[in-house]
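These notes are about the structure you will find just below.
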Amino acid sequence: MLDMTVKLAGVALKDPVVVASGTFGFGREYSQFYDLGELGGICAKGLTLHPRNGNPAPRIAETPMGILNSVGLENPGVDAFIAEELPFLRQFDTKVIANISGNTPEEYGIMCEKLSAAGVDMIEVNISCPNVKAGGMAYGTRPDLAAEVTETAKKNAGNVPVMVKLSPNVTDITEIAKAAEGAGADALSLINTIRGMRIDVDTRRPVLKMNTGGLSGPAVLPVAVRMVWEVSQAVSLPILGMGGVAKGEDAAQLMLAGATAVAVGTAMFADPYAPLKVRDGLADIAERQGLSAVSELTGGAKPW
Amino acid sequence: MVLAVGDMVRTSGVRPGQFVHIKCGEGTLLRRPISICEWTESREGDTLTIVFEVRGEGTAWLARRPAGHTADVLGPLGNGFAIDREGRYLLVGGGIGVPPMLGCARYTGGTSTAILGFRSKDKTILLDEFGGDCNDVQIATDDGSLGYHGFVDALVRQELGRDRSYDAVLACGPKPMLKSVAKVAAESNVPCQVSMEERMGCGVGACLVCATPMRDGTVKHVCKDGPVFDAEEVDWDA
Amino acid sequence: MLDMTVKLAGVALKDPVVVASGTFGFGREYSQFYDLGELGGICAKGLTLHPRNGNPAPRIAETPMGILNSVGLENPGVDAFIAEELPFLRQFDTKVIANISGNTPEEYGIMCEKLSAAGVDMIEVNISCPNVKAGGMAYGTRPDLAAEVTETAKKNAGNVPVMVKLSPNVTDITEIAKAAEGAGADALSLINTIRGMRIDVDTRRPVLKMNTGGLSGPAVLPVAVRMVWEVSQAVSLPILGMGGVAKGEDAAQLMLAGATAVAVGTAMFADPYAPLKVRDGLADIAERQGLSAVSELTGGAKPW
Amino acid sequence: MVLAVGDMVRTSGVRPGQFVHIKCGEGTLLRRPISICEWTESREGDTLTIVFEVRGEGTAWLARRPAGHTADVLGPLGNGFAIDREGRYLLVGGGIGVPPMLGCARYTGGTSTAILGFRSKDKTILLDEFGGDCNDVQIATDDGSLGYHGFVDALVRQELGRDRSYDAVLACGPKPMLKSVAKVAAESNVPCQVSMEERMGCGVGACLVCATPMRDGTVKHVCKDGPVFDAEEVDWDA
């Protein structure tokens, strides 16, 4: 029997496949397709301190094997999440990871305090959302600011592990990773979306109302694998790897590169069952290789 | 195009105005939303009919499917029109907004009136079908090559001027058209429901990309809260 | 009649579609498929001062709608290029753009001097090759070094326009663009490849012998469009846009984003005739839009 | 799989050891190199036969093609074996290196000897065809389930020990096999040509990804300078 469990910053996941923040809402919709207890974990839609409507539509554009989005953190605010969404998610036998974005380190701190008190399994600190003008992006591209946010989050999160989500839109992602590690992060997640643009050649308008947006989906997988590999060599924190995972092999690549667990996002838009298929595909690979635990994949890549 | 959909209609039920989300080949990542035009249910297997225009890569792929091909279809999705079999409606469709109105016409069995707008005579679709299922069918074309020369809202104004006893105006088409129709209906004090279009990701309400602003300052999502909304709810000036 | 000509840093191209450096060798192979005079221009394979064998194979891996390469500047050296390849390329009615990489600013200078004396139409200064350990990459990620290389190149290039090729592997590409402009560059080309990785999950080895490589092909198009758009707003230099162009619409997007001309690379591996098809597709779009000159597309995107 | 290739063979000529570069659907970007196994030419249209193993996505797509499907094929590419119709050769193939050797066998019309290696009996291919076109066919399997239990190089050593009058050893297969065969041939003073594999981009010599190191310190390119090289040229220790 293959052991599918993994431990991410002390949190035991029944299998290493979770769903990526912002692609799964708060779980209500996909719970009509399958029992959410089948998932290793759920990264909930990104929260802010106050409710946000997000950016004007169109908020999505299709690109070769990828999509651009510019949702801009539409969410009901952290309090409404705790009151209305968390109890729903708590019904299922899975781990709940809250994802937060703030305009200031203080906002991150307040949200961590609230979420820690409410009881989530982990807090994912998004310092890398490319779709909000203030704050978000800069935190993810400057080591000093990344450290400051991480420190404040840790101080306020109590016993709840803090996972910092890194932006790929940087010259050297290991610098930010090290800054987050130095500031006390319990885990890292990567990659968030890569900034991109699509133009409608007939109207001459960007397809997205925000002009640019974040690229995700299979197109970004090789960038995600490279960054997970770099980061795993630069820090000793566990990594939640993501970016373009659509099948078991993709998840295995990220784990071999150094990820402890993986998240599936965009692939669900094509196939709501993608996370379960990724999990099963991953199990097939581990079994084919005669592993006794899927966790043996983590960091197993042998560089030339 | 007719889709054999097993027991989808019998198990999920279908309302006019709902849509399906179709995977259009390996080359495109996102599914394509297409309204359900007609449907049948039977022990031998239910069917859905969709009518679509080739716009880009996805619809081109779909149009090339040979008979008997298997497609990956998610649905029925969204909320359809709030509509009574016994009601009498003024159905307004523009361009690719015409197909879902046929479902409404069938549902109300011949009592409704349809006002359909097209770019030109050679772009008209489903005229015979509407003829058979409506009390009256009026056509407008942008270039005047068939019927009224101009936009549907003028015909809607004329029709509501003549007869305000419709239970509601139901409309589907491009946003500027919906806005004008909603205005005319409001002026005539006839309730109005509109089916909106927005670019979609998941199609089920999880990714929040298909947002459309409401008059009360909130946003709703076309795929899950819509595609049909009360015209009054919608923020037409956003 | 649609006017297909464009001017890139004073060099008149018969149409805006050129072939990207490193994907077309020195033209000999593809000249068996069509007359090279059909191309707007040819960016020749990247040259170094001395001959190089490049990196060990495998040097290529396939990814979703993209490829990774780690050729590592295999080339016969600038002298052999001038003696043996340039005369061949000169037979065709097209513009020849030499592409150079150096380990030091001096090397760039020497190569510029030689190429200027030999008579090429333009020199593309590659400060962004991710596949060589020394030099290349750092120049493209640090404004000060980018400026230094540009300045030395300009000083030694005589009348030949110097185009600086930018790396996308940076936090803010406009900084490097401005540095190159400030140092006297006549044009900019972008994007070079994005660093990525693929792992063979069964052997657990990276597919590329160099472990990581450069991502190109349709997958990167939205990143290229975004960067061309950003750079075109930050500087007033003409831009050669590239990254994932496979059809006329892609080229039109890059031009609307601000490119004066575009280069086609990876798409040729699937279809040797890709550059000609891109050119024809671009002409179709311009005609459909009723333009009298394809150059009217450049910078035509209207942001929301 | 047999490809109808119009007048390709008549206009370009084909030599054993050359390959074609095949676009395998929209989902994969790169073409797949496959050796030409046999060919025919005639006024009614030339044909190429390819024999391949399903390894991944591309070959799986190709294997699913129905008869009559049109594929995008570039070729013939590369340099084949330097071989005389009148010559007598020792043909050595391993696994998916077996198909191109059949072309050599046909070309030399029954005078050559073939030594073919497979993983096991159920992986053998083309045995009848080789039987018809060779003077002698010897089989080795890794697991001993058919013929000699072991690698082909042992059979090659044995054969060359018996008879050194072959004009050359021609070999195709995985690099370690080619290395051993080249060594045995060199020891026996028989010239040896090997057909190499490398991952490819353009397939025509322009992108330089398919490099393979030569003994003289240079690199050559499998697609354009090869796939067939003189065993002496190759740097076997790289």
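As written, the chains take the letters A, B, C and D, and residue 1 is the first residue of each chain.
By our rule, a residue touches a chain if its C-beta (ideal position, glycine included) is under 8 Å from a C-beta of that chain, and two chains touch if they have at least 3 such contacts.
Quick caveat: nothing in here was measured; it's all calculated off a predicted structure.
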Fill in: Partner chains shared by subunit A and subunit B (touch criterion as defined above)
none
Fill in: Of all other chains, the one whose Cα centre sits farthest from subunit C
B
Worksheet, complete the sentence: Here the gap between subunit C and subunit D, centre to centre from mean Cα coordinates and rounded to Å, is 36
Practice prompt. Go ahead and note the Å separation of the Cα centroids belonging to subunit B and subunit C.
Written response: 47
Practice prompt. List the centre-to-centre spacing of subunit B and subunit D in whole Å, with centres computed as mean CA coordinates.
Written response: 59
Worksheet item: With chain centres defined as C-alpha means, what is the inter-centre distance between subunit A and subunit C in Å?
Response: 34
Item to complete: Two or more other chains in contact with one residue: find those residues in subunit A.
Response: 61, 65-66, 217-218
Worksheet item: Listing for subunit B: what residues touch at least two other chains?
Response: none
Worksheet item: So that we know how the chains sit together, what is the shape of their touch graph: line, ring, star, complete or other?
Response: ring
Response to the item:
So the touching chain pairs work out to A-B, A-C, B-D, C-D
Discussion item. Considering only the defined contacts, which subunit B positions touch subunit D in the complex?
Written reply: 25-27
Worksheet item: Touching subunit C in the complex: which residues of subunit D?
Response: 23, 28-31, 72, 74, 198-213, 217-219, 224, 238
Worksheet item: Which residues, counting only subunit A, touch subunit B once they are in their complex?
Response: 22-25, 28-30, 32, 45, 53-54, 56-62, 65-67, 69, 71, 74, 207, 217-218, 266, 268-272
Practice prompt. Would you pull the subunit C residues touching subunit A in the complex into a rising list?
Written response: 61, 63-66, 68, 141, 169-171, 194-199, 201-202, 204-206, 209-212, 215, 217-223, 225-226, 229, 244, 246, 249, 252-253, 256-257, 285, 289, 300-304
